[in-house]
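Which chain is which? They are A, B, C and D, in the order written, and residues in each are numbered from 1.
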């Protein structure tokens, strides 16, 4: 754990941000239609790194975009020629501001699947070239439960730099990784005091207050243990009764990573796209022969809940759900995966 | 507007008389003052049923084949919801005898900010058009007004409008929540999910989103009842009502003041015609 | 994997003169799916077709694109060529590079070549998605309906009935005969019209295979070729034809006098009447608009005098239904009302009459017993001026087309006038003399020479009254002078127009009509008797102005078409129709609402595999479907496909260029 | 909104968006969807009569204007076309009795909606051309081509970055 901490104040932080935006390709939460999404910014006024968790989409699209060109192809009498797409050269350093802890953890979780049997080079490049600056939430949202899960939110190393709004009015810029430390040293031009043991305590105090603000708390290990045996539970039918299979939860989830492949062709040239898909879609598992193992929504919900809380953990040692609550907030009928797993596990 | 008591009474009565297999109403959320749809099969849960000006979601959605399994259902509908339900009845999606409709004479629901929702301010039919039992006092049909946002956008320059809509389509993540939350999108397999369509528009690009949303809104043209389930479901908070209200205003103005779902057996503006329909836009 | 053959036609210089065909072929060869691309002088010729057949076999082609003229021209030819090579004929696509490129971009050869390449690209893209289709056979009801009992309808009915096919002949008026019955003698042979027509009318009445329904109208037609259902409204005649002997006492006794439309209102008829003495059926009907008994409930004299008691004032309209397989439309023509010719004093001067009024006067059985008279004073006219092209070829007041028959009947009128009033003189103002036809030019010569009629080339500018004479002022263009003729009688050769009911009837039958109200044929040259709607045919002036020989010829052609249609027990039908994939059908039934042919019905299918619960979905009746695609475009779940024009095919075309 | 096409430095600048340019010899592509019985026959007549019109239109044959699903229009505008012309039988003349009446309603709403989201109304045009109106077809194509040339290349939602 790195303890490189810089103390500053609001103006100092703003200056830091401005400097970053000036130097690097920077992404930060930008408001559009009342919702914050991570977009490329050229000025600090455009964005709000302190955006409220309820209104912010996940950071996932910057690494696993909602749609990406996989390849280009050209068909003529000489056959089919495949070529690289012109999209996103993926070089040069990117910086993302205002990432929530849960989102950053989401990337850590996603890393597991992306470096598993097939290495997704595009994803890896994006990860390597990106520096993540997180802002720790001061207060939990109504649907948040990140602290109840299998990771240490306080000492998370999913991001490179953590910004904490200390209770003493100071702002702490804490470099979490080597990369982050180098970045702070290089780019924080104003000379602020280097943090001490005291600042560590301030950060801890802030965390304690944050932790106390959670409405939702669960006993993760118990839930995980119980769910493992509940594949045939009828409770899934009850909990999913008012689900409208709208896919929202999967699309905005920071860790859902299912996609579909489509080709689009004009004249003799075409592009192969990779776009989000969702297991909540009734046709997601429809097979060419006509069989659909998950034709009804409770089976799809079972898959979702168990994949998030059991299967991924079994395979990769991390819980797929990071407790951000995005799905519950965006759900038109407010189904929370927290309620679902608790109700099924009968806790 | 608090009809929780009446609804609870009717629900208990229906269960007692064995007229329904399940009941769809609203339940209070524990963490704030919003409400969620609530499906009950057990009469013991009836006391949880509520109905206030926070009962926003259009419950007709729960009559779609995915939910019903063709059982008898009791359902709470507001004015706009009942119009959607009326269309579903006309389009043979629901059997009238299988649904017991509790119609509410709606006084308008609130949006997230606590103000009266825009579609309620502009509501043309607050009373239920189809019901078995009515709660509240009917206030009758109101005058149709063109949506304020449409009027405002119409005054803007074409290019400005185009930029605005491009930003909408760019922000669309094509999760299809709009479609799934719409009670009238009940198709066995949506055209946007089909091979022909995905072959050409499957990608999640802004042109793909544009195609999807335009096709979707044209499929709802002359059928949309302005309940705005889609807009509430949209995780990107896109102002989807613009597309529908635009179509509605064109249809209202040009096709005998047609409004969707107001009459029994009216299938929508695209499924009938008049010899006197406007012809001047055609060369 | 698709293997497409592209065959580009030079069409002599028609295509190759503008489009760079070898370049187009090179361009086509670049397309991935194209296995062979060849150019040829005339692909539609026998060697051209042989080339296609050989290429199909040698290259194992999966579809064929012919870049040539319009598919409306040679689609059938090339489909047959495919068939002959053992390939499904519907795997053919045609790129129309003649009508859509070389002929319309003659000045821009580069652009025309580019466009031709694009059109071929589109056709190739579409053909890849073509599916094998097979003709559908539908049972046929062997009965024909003929609408209109003029000479066209009579001839068609007789010819069809002679082939032992039952015919239902529907006539609007109380008797068949139509316009020809009103004529005195016919050009160019001057046969007596009645003498040649009446035997045919009698044949109709007595033919065992003809069912004659006079005084009736078609009110509804449903179904499709070979299987139509027609509803005929038989108007109340108030006379029981089964008992009426046609003695005529009622007509004599009836006190009500009404203008006689058969005689162009020159004389009067009674409220109970037979239109003319030789009427078929020769039974009277009561004119409900004028009968005092029916209007006021008083009179009833006819009933008193009828020995058979055939008069029934309580009779009501009756609807007759028939199942038929084909329809012949023979509704005839009307004459243009010359009122807009105010400068001639039409309407003001009684002695200006129309040619059909003149025709009735010179008819031996007409109101004046065959002698033309002046309507104003009843005197026999000496100088008669005939003016042609009244309304015809007149964009300002009338219609643009030539009425075709006026030149000939005016010549006939001049001759007839000379016959009836030997000391008379005919003056004929004309624009052109159009006398193309067997014996026609000779006939006009006869009028000019034998009867010494004065033909004046020019338009009449004014007619004014001078004493009891009419002064006709016009131009004689041949001498370039204004001439004035002192006339006792002026006869206007008014234009032939479509009956005013034609558009309504066309809509009812589902056939198209032109801007004048004439029914449209399927092709102006190659399918002149068919309408675009299968099983409905056109005879006579319902399609365009015609003389009697042409009308009769067309009527017989209709009969041949009907007999051809009924030659087998079943009929082959184009397979380009809609089909519904009921897995995707959500059962909203909106397609049923928009289908113009009631071709969609519902069916119950199990909810899921092996399920006992049922759900309702739509189903196409393939015999009825005509393949318009209305249902396809409104089907939101894309459950309906139109063979030959699938979404994939059309989108393939769109993205191909 | 300015509809005149600007020409500068040998390039055409889109009237809709000045950032989009095209070579000076740019020619629009117009997707023509014609009904088989009237307009396609009419366009054939134009050819038979040798009436000349601009070569920018690419013609697709459909049985009836009611076969035209609005997404053909959207798809054309998104991919290959700078404008769309859809033509059918005159009202009352539909070979399939009522197809064009249904189509007319859809066309009006589609045109207004596309205009609302930012397409110039001249990019989506409709016409009634009968089988006898060869000259009219040529006139319509000339007008539509002229209109679309003025608007310059269509850039929005185009999949041109292929």
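Keep this in mind: contacts are C-beta pairs under 8 Å (C-beta built on N, C-alpha and C of every residue); 3 or more make two chains touch, one makes a residue touch a chain.
The model shown is predicted, which means the values in this text are computed figures rather than measured ones.
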Comparison of A-C and A-B by number of C-beta pairs in contact, larger one: A-B
Per-chain Cα centre nearest the global Cα centre, belonging to chain: D
Whole-Å gap separating subunit A and subunit C, where each centre is the average of the chain's CA atoms: 72
Centroid spacing, where centroids are CA-atom means, of subunit A and subunit B in whole angstrom: 32
Mean-CA-position distance for subunit C and subunit B (Å): 50
Centroid spacing, where centroids are CA-atom means, of subunit B and subunit D in whole angstrom: 34
Shared interface positions of subunit B, touching two or more other chains: 189, 197, 199-201, 205, 270-271
Where subunit A touches two or more other chains, by residue: 264, 266-267, 271
Interface hub residues of subunit D, defined as touching at least two other chains: 75, 79-80, 92, 98, 102, 106, 159
Touching residues (chain side subunit B, partner subunit A) in the complex: 29, 31-32, 34, 36-39, 57, 61-62, 66-67, 167-168, 171, 173-177, 179-181, 189, 193, 198-205, 208, 229, 232-233, 235-239
Residue numbers on subunit B that touch subunit C, as the complex places them: 70, 91-93, 186-191, 194, 196-197, 199-200, 219, 267-268, 270-272
Of subunit C, residues touching subunit A in the complex: 29-32, 34, 121, 655-657
Subunit B-facing residues of subunit A, complex: 32-35, 37, 57, 66-67, 142-143, 215, 241-242, 244-248, 250-252, 260, 262-264, 271, 273, 275-276, 278, 281-283, 296-297, 330, 332-335
Sites on subunit A touched by subunit D in the complex: 72, 86, 264, 266-267, 269-271
